[in-house]
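What follows is a pair of complexes built around subunit A, which joins subunit B in one and subunit C in the other.
Right after this comes the complex of A and B.
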């Protein structure tokens, strides 16, 4: 029974990780911009929701669309900034957004102080009948939103004309240009959709984990790990990657103790970089879904 | 700077050096000046050590691993065996270099953004291990009361490095000069040309007979050793270390920012960055924004990469060639 409970927790944690990773994966796929400030963006959304819920008494679910709109704006600003970056693009965006992460970290430190913040859930814990398994409302929200967001993104990329253009850009920018796709507009759209997804993850982050200004780097690492695991442009893989990481972390905490949890994501990332070097680059053949 | 063929460079260098040597004699002894400038030299040395490997074109975001291991290596040696700090600090360097060798063994095929990410993740490994190995490293409590730098005796001259801020100031000045010298040697020797060739085009360099694997290995090892030394000095200078302090992102980020700002292709670039940015941070930003003063470094790296990617040191260079 305890294993099943562990699995439920790991599953919701993994869904949460997938949500955190979606925005990063899309932005990286479409534009090749390595956004190391991704985690800080997620935290910004989290702090926004924290203030809305804590000081203006908004219902939690209403903070999601507000944070999504705010983050579209932030992501588009980032796209404007990164347009000035010189070659090599990937490495230089990495360094610029690293600087941006430092700026945001310190900015949040000034605005919100280093205290740990958390949006408390008032909903009762749900006990599944006939078992001793319990599920919190937050866990249900996490699993549902991650499934919804992934499906929506999948449909957008696979079933619409815009999605076709976006996928073409992900696969080969030069060829996409030749086919008459406005790659610059695609990158703007990629950032906007990525911002929406970041805005969706933010309030849920505040509900699931503690908010503190220097916590963003962990979210960034998680997003990078899952993106590499999935391979660029593969939306379903993100969900799988999130679950795999969630299960690996839960098992480590269960068997070794909480102190070792942070080691899992680092080792995961290093082994992915070594063993799946193609995961980080656009695939030459068959980037199909 | 130094002897790059042009005489004025050497004159500027000696003038600036004399300025720092003479300052304590010319002006009032101020503890604030010593404290800030000691740390400026310290971060300058750290940035120079970082750039030794960055010259090959690989940006590391994980030098805090070497720094933290150097700090813990030397602090633990001093704590358990009461060895003199002047022996434990080189030991810290060796511990850093060992981890550097491990990096080389594992990350040798990674380049560019992938290398940067792997290094970023690799800081967590020693940190988590030290955090959890409480019986040996005292875990997250940190090590307190590490012996300060002991008194030096040269015949009749006695220098109490542990107590005197002035002595620490001169010690760090000497240390930074030493690392500047190594950095200069790495850049301006035949080896330096091999490194430059490697940075521009690795395949072509290896075709021309540059042993690229060896260059990667040797520069990484040297850079890790020097960073470990800095970690050891830090531990004995501060007297206390704890995992989040010495393995912090700040330690990885600062050399990158200072080097990029000062000019990463110049012998004195990283040091120039430290001499400008660190006092600016401590004296101006720290009083204006007590909590988030590190925002300066983030802003500087964005501005540098977007508007003067070769660093502000290149302005000095350009003016000199124009005149």
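Right after this comes the complex of A and C.
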């Protein structure tokens, strides 16, 4: 039973990691913008949900669509800003978004102070009958939303014309241009979808972890690690990568101790980069989806 | 023929330069005469502060800063020291040791401060104390615990208002005399102070015959403790002692409740005994144990009025209630101000050596502690109290002479 409980917790943790990473992975895949302010965007969504729940008494689930809509707007603003960035684009976006992250951190410090904040869950724990297993509402929401977001994104990318155009942009921007795809529009759409996913992650971040103005760095690091795990542009790989990391961390903590968590995760990541540089999924399965 | 105009031109240039020097000299003399003799007002006493005002430790850094700022404003409202205003130069170390070093150098070289104050966690306080020693400038740290900073080497310029014994001794006393668990788990953060804390608590509990089946280190800021808590559940421990910080307790306590783990006591020496912690967790905070040196209503005997005035004045100034970390900042600044005042009264120079000498013989009764430093710069009378959160209020439960309520069990229900 303990092992089963460990896996429930690990999947929930992995789903949390995947949700934090999805927006970053999509924006990076489609636009090649290395958004170092990703974590700060997640925090913005989190703070918005915190205000809605804490001060305006909105139900938690209602904060998800509101945050998603708000973050589309923020992500599109970022896209407009990054249009002025010259080549080398990846490197320059990294510098610009690093500066933006600092501005946002200080802005949040002024607006929300340095206090730690989180969204309280009032839902009772669900005890599975005839077992000692427990599941929380937050864990269920995390696992379900990560599955839904990944599936929706997968269907969008694999089954729609827009998805085909987006995948073409991810694979080769120049070839996509030659094929008549409006890459700039794809970039805008990529940012908008990325913003939606960031908006989904924000409230869940505020409910699972905690918010504080400098906390975005951790969310950005999670996103970068999971994107490397998955392989750029490989959406299903994000969820699998999140779960793999969640399971690796949980098993490490359980068997070796909390002090080994970061070391084993780092070794896992390095091994994966050496053995499967293309990402956690085999190429035929994972290509852009 | 060619030499003469050349000589004339040299002479002209010489007179030109001379005239310019004379004009500048006259201008300077006039401005000095107009300004009159240097007044005490124009020559403030410069004190430097380094704190994590941004970054992951910003919450506590800001709290310490507000305590220090309040102490400086308080002394200035009474006319300063010997008629001279006290000027505070605050620097943000961004929760990073390398930035702390740069900012300290700036305060020492450029601002030429007479003393340093502030600091949170030993990884930041340690480098500052080294620089202070090198420049022979006294440094009164607000929150420092690592024994090596005072006992491991001689640093006559380093002082601190807190120490590890003031936390470990009451905690061990409470566990051994009052709570009497059979088995305890110890989780400590990978910081110098918390690591030493974990080792010392383990040692005292083992000596008392209490089993420690779990003794683990973790990185502060971890988002998940569920796997660790499964081990806690499996090992049937009565007590979980967590040497993490405010944010770590937020995650740990929530997951403890989520996993339905019942303990005789959950104890967080740092981060639990805060009004904001109770506010954040609400009812879920009831039953938890924390530790503090001071909080509104929890002060040492004989300082009730002083404590009350501090709470009133601070709340009016900052619009919020001070907490134990704020008081650490206030106490450290009061120590430095007190020593500077005594040097000033004696008519000596405000040199590092003179201020440090006065700090060593300081005797101040403050709401947090009766402040006296030993020969190593450690506080002689720093003792925290164990509090339990009951009905979302902090109730001191140990030691006997300071307790105002009884322990309610179990701690996590």
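FYI, the second predicted complex is superposed on the first by the 253 of 289 C-alpha atoms of A that agree within 3 Å, B and C clash if a C-alpha of one lies under 4 Å from a C-alpha of the other, contacts with A are read in each partner's own complex, and residues count from 1 in each chain.
By definition in this document, a residue touches a chain if its C-beta (ideal position, glycine included) is under 8 Å from a C-beta of that chain, and two chains touch if they have at least 3 such contacts.
Source: prediction; values computed, not measured.
When the shared chain is aligned, subunit B and subunit C each come close enough to touch A:214.
Contact with subunit C, but none with subunit B, is seen for A:127 once the two complexes are overlaid on the shared chain. Of the two partner chains, subunit B is the only one that A:99 touches; subunit C does not reach it.
By the touch criterion stated above, A:7 is placed in contact with neither subunit B nor subunit C. By the document's definition of touching, neither partner reaches A:154: not subunit B, not subunit C. Look at A:269: by the touch rule set out above, it reaches subunit B but stays clear of subunit C.
Looking at the shared chain after the overlay, A:109 reaches both subunit B and subunit C.
Applying the stated contact rule after C-alpha superposition, one finds that A:58 touches neither subunit B nor subunit C. Overlap of the subunit B and subunit C contact sets on subunit A: residues 105-106, 109, 113-114, 214, 257, 259, 262. Only residues 54-56, 58-59, 61-62, 95, 187, 190, 216-219, 221-228, 230-231, 233-234, 246-247, 250-251, 254, 257-260, 276, 280-282, 284 of subunit C touch subunit A when the two sit together in their complex. Residues 59, 61, 106-107, 109-110, 112-114, 116-118, 120-125, 127-129, 131-132, 249, 253, 256-257, 260, 289, 291-295, 297-302, 305-306, 309 of subunit B touch subunit A in their complex. Subunit A contributes residues 34, 81, 84-86, 88, 90-92, 94-96, 98-107, 109-110, 113-114, 214, 217, 221, 224, 257, 259-260, 262-263, 265-267, 269-270, 273-274, 277, 280 to its touches with subunit B in the complex. Across the complex, subunit A meets subunit C through its residues 2, 5-6, 9-10, 12-13, 16, 105-106, 109, 113-118, 120-121, 125, 127, 134, 136, 138-139, 208-210, 212-215, 218, 249-254, 257-259, 261-262.
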